[in-house]
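Chains here go by letter, A, B, C, D, E, F, G, H, I and J, matching the order in which they are written, and residues are numbered from 1 within each.
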C-alpha cells in the first residue's frame, strides 16, 4: 500500500556544518537504499522549506514506521503520514 | 492492519423521523455485518455528538474505503481515517 | 512541473442518483483524457471520504487550473494545490 | 470507562543515548504493569512519529491521570485524552 | 465525574418564532429536570453567541450522552465535551 | 463575574526536582488564599496534562489578571481566559 | 469593563434587498441607542468583509450579551467577545 | 498604501449559467475600472479554486472596502485583507 | 488610519529580574512617547497573559511598523496587526 | 511563473548585534542580486513582525527553492510558498 509522507526537518540552524554534511550524506545513502527496496517511490522538495513530500510503499504502517525511523535524520524530522487508497481508475 | 475511524454524522436535523429511523436501522444492520466479518472491531460514541470513533481492521485502505462506503449513512458521514502501526509492546 | 492536488467533492448528498451517475461517468472520461495527455499522473482515494489526492504535471499553474476546471465535477470540488520542487535525489 | 489517549513524545533529540535507553526500558516496564492492571488495553504507534495512540480504561479521569503521570516519560509527553461513551451496538 | 460541555445552538435564524419559543420552553423544562437530578450543575452563556458552557456530572460518558441527547434542542446543538479530573486541592 | 481559566504549565521538564517542589508548594499556598478570598471557586485537572481548568470570580478582568499573576508559577503558565455570562436559568 | 467584539454578518446573499435595507436601518438605529447609552464606544469595519470590530463597555458579560442580542441583525451575526483588562499605563 | 486581498468566490454551484455569465461580465467590467483607477494593480488566480489573490492600492482601508464592495460578486465573496508595509529595499 | 495590534510578549521566564525591570521601564517610557505623538491611542491587557491589545493610529503600515519596532521589547514581541476601516456610523 | 512567498524570520532575539548586522547586510546584497535577475519582483514588510511577503518569478519551484535557499538568512526563515496562476484579465 502507498503512503504520502510529509517531513519537516527541524535540525537546529546552529548545527555545525560538518555535522550537517555528515547527516545529509547518511540520509541520502539510506534514502537510496529505500528506493532500491521499492519503499521510497518518489520524493519532492517543498519549495522554500527544509521539508519533503514523499510517496512510499510498504506492506503496512509498521513497516513504513521502521523505514522512516531508519533515516539518520529521523530524530529531527516532524513526519505526518497519510495512507492512500488505490483509485479504481488505476486498477 | 488497523485504522482509527472518526465519523461525524451530518444528516440534516430536519430529516423526517421515519427516514432517520430507516437509515439508523440499516446502518446498524450493516455495522453488524462488518463486525461479523472482523472489519469493525470496536465502536464508541463521542459523548454529546452524533459521531463515533471506531477501530477497524482491513487488508488495506482501499478495502477499508469500500467497507465505510457500504454504510447506508455514508453520504452524510464526514469521516477521517488514521492508519495505526502495531506497537512492539503488543507483538 | 508537478503539483499535488487534494480535492474534496462537495456534491450534495441529496443529488438524484441519475445525476450523480452522469457526473461520475463524465468525470471519469475527462480524467482519462487528462491521463492520456500526461496531465494526471497518479490518483488516490482518501479512505472514508469522497475525496482524492492526485499528482498532476503541467507547464505552469494556469495550465493546471484549466485542466482542473475542465472536470465536470469542478463546480462542487474544493481543491487545494501544492507546487512541488524536483528533489536533487531524483535528478 | 474507556479513554482514547494520544501521546507525543517531546524528549529532545540530543538526549544522550544511554538516558534514552533507560527511559524507554522504564517506560516499557511501567506500561506492562498498566496492562496487567487492565488500565492500558491497546497501544499503537503513529507511523513516522515518536507518538502513540492508546486505549485506556479507568474508573474516572483522575485515576487515568495518575496512571499517565506514573509513566517515566510523562514529563516529556504531550498528551490529549478523549473520553469515549459505550456504543449501544456493543451493549 | 464532572464534564465541561460547550454547546453551540445552530437552530436556523429563519425558524418561525412560535417554533423557537416552543423549543426554548421545552429546553428550559428539560434542563430544570437535569438540574434536579444533579446532572446539570452550572450553566453559563457565552456572551454574544447562542451558546452555553455547562458543568455536568454523570457516572460516565454514556450517561452524559443520554442526558445531552434528551434535550429538545439536541438535533441543532454542536456539542463538545471535556472530561475533567478532580484536582487534589479539592479532595 | 465568573471566568473560565485554562492554564497550561510550561515549566521545563529538566527543572530540578527541588525547584519544582518549592514552586508547587508555593502555588498551592497561593491558590488556597485565592480560594479563601472567593476568587478561585473550582479547579480541575485536564487528564494527562500538566494543565488545569479553573472557575474564578473577580470584579473585572483587571482583578482577575492580578490574581493570576500572583501565582508563583505564573511566568511558566500559558493562560486563556473566557468571560462567562450568567444564564437566566440561574437567576 | 470593556470588551472587544468581533461580528461577522451571515445574512444570506439572496436576502431580498428591501429586507436587507430594513434590517440595516434598524441595526443602525439600535447601534445609535447603544452609543448614546455608552455601551458601544467605537465601531470599525473589517475591510472587504461584512464584519465589524467594536469596542463595548458594560457592567458585566450578561449586560453585554443583552446589548448584542438587542441588535436586529443578531440572529445572523457570528459574534466573538474578548474581555479586556485595563492596562496600568492608562490608570 | 498596498493591500494583499484574498477572495474566495462562494457563488453556489447551482446558480443558473446565464446569471453566472452576467455576474462574471459585470465583475470583469468593474475590475477593469478599478485597474484604470490604479486601485487594482495585479490579480492572480489561485490554481484549482474559484478564488483570486490581488494586489490593491488605496488611500486607506475604508477606500479599499468601498472598492471591494463595488464588485458585483461582492455578496458572494469571502475576502481577507492584509495591509502591507513598504520595504526599505524598495524605497 | 487605525490599527488593532495584538502583542504577545515571549521574553523567556528565566530572564534575570533586573533585565526584566529595565526592559519594562524602557517599554513604558517609549509607549508614553507614542501616546504623546498620538500613535498609541488605547492599550489593554489580555487577562492572564503577558500580552496586550492596542489601538494605534499611523499614516500607513510602514509608519506603524517603525513605531512598533521602536519598542525596547520588540525583539521578544509576537505582534499581529489588523488594519481597520472607519465605519460610516462614526463619520 | 509567479510565486507569493511569505517568510518569517526566526533568528533568535539574543543573536549578537554584530552577527545580526552582518546577516542583514548579506541578506540585502543577495536580495538585490535576485532583483536584478528578475527573480524577486516585489517585497513588503508584514507590519509589526520580522517577516516579509514577496512576489517572486522563477521557471519552476526548484529554481525558486534555490533562490530562497541562497539567502544568507535562509536557515532561520520559515517560508511558505504559493504558486499563483496568471489571471485571464491580465493576459
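FYI, a residue touches a chain if its C-beta (ideal position, glycine included) is under 8 Å from a C-beta of that chain, and two chains touch if they have at least 3 such contacts.
For reference, the UniProt names are A, B, C, D, E, F, G, H, I, J = Muconolactone Delta-isomerase.
Everything numeric here is computed off the predicted structure, so don't read it as measured data.
Chemist: Give the pair among A-D, D-E or C-J whose set of contact pairs overlaps with that of I-J by over half, matching residues by number.
Modeler: A-D
Chemist: What whole-number Å value describes the gap between the mean CA coordinates of subunit B (Muconolactone Delta-isomerase) and subunit I (Muconolactone Delta-isomerase)?
Modeler: About 50 Å, centre to centre.
Chemist: Could you please state the distance in Å, as a whole number, between where the Cα atoms of subunit A (Muconolactone Delta-isomerase) are centred and where those of subunit I (Muconolactone Delta-isomerase) are centred?
Modeler: 42
Chemist: Can you pull out the residues of subunit F (Muconolactone Delta-isomerase) that are in contact with at least two other chains?
Modeler: 3, 45-47, 61-62, 64-65, 81, 83-86
Chemist: Which two-chain combinations touch?
Modeler: A-B, A-C, A-D, A-J, B-C, B-D, B-E, C-H, C-J, D-E, D-F, E-F, E-G, F-G, F-I, G-H, G-I, H-I, H-J, I-J
Chemist: Spell out the part of subunit A (Muconolactone Delta-isomerase) that touches subunit J (Muconolactone Delta-isomerase) in their complex, as residue ranges.
Modeler: 13, 45-49
Chemist: So in the complex, the part of subunit I (Muconolactone Delta-isomerase) that touches subunit J (Muconolactone Delta-isomerase) is made up of which residues?
Modeler: 3, 5, 7, 61-62, 64-65, 68, 75-81
Chemist: Within their complex, state which residues of subunit A (Muconolactone Delta-isomerase) touch subunit B (Muconolactone Delta-isomerase).
Modeler: 1, 3, 60-62, 64-65, 81, 83-86
Chemist: Spell out the part of subunit C (Muconolactone Delta-isomerase) that touches subunit A (Muconolactone Delta-isomerase) in their complex, as residue ranges.
Modeler: Result: residues 2, 4, 28, 31-32, 35, 42-47, 52-53, 55, 82-87, 89-90 of subunit C (Muconolactone Delta-isomerase) touch subunit A (Muconolactone Delta-isomerase).
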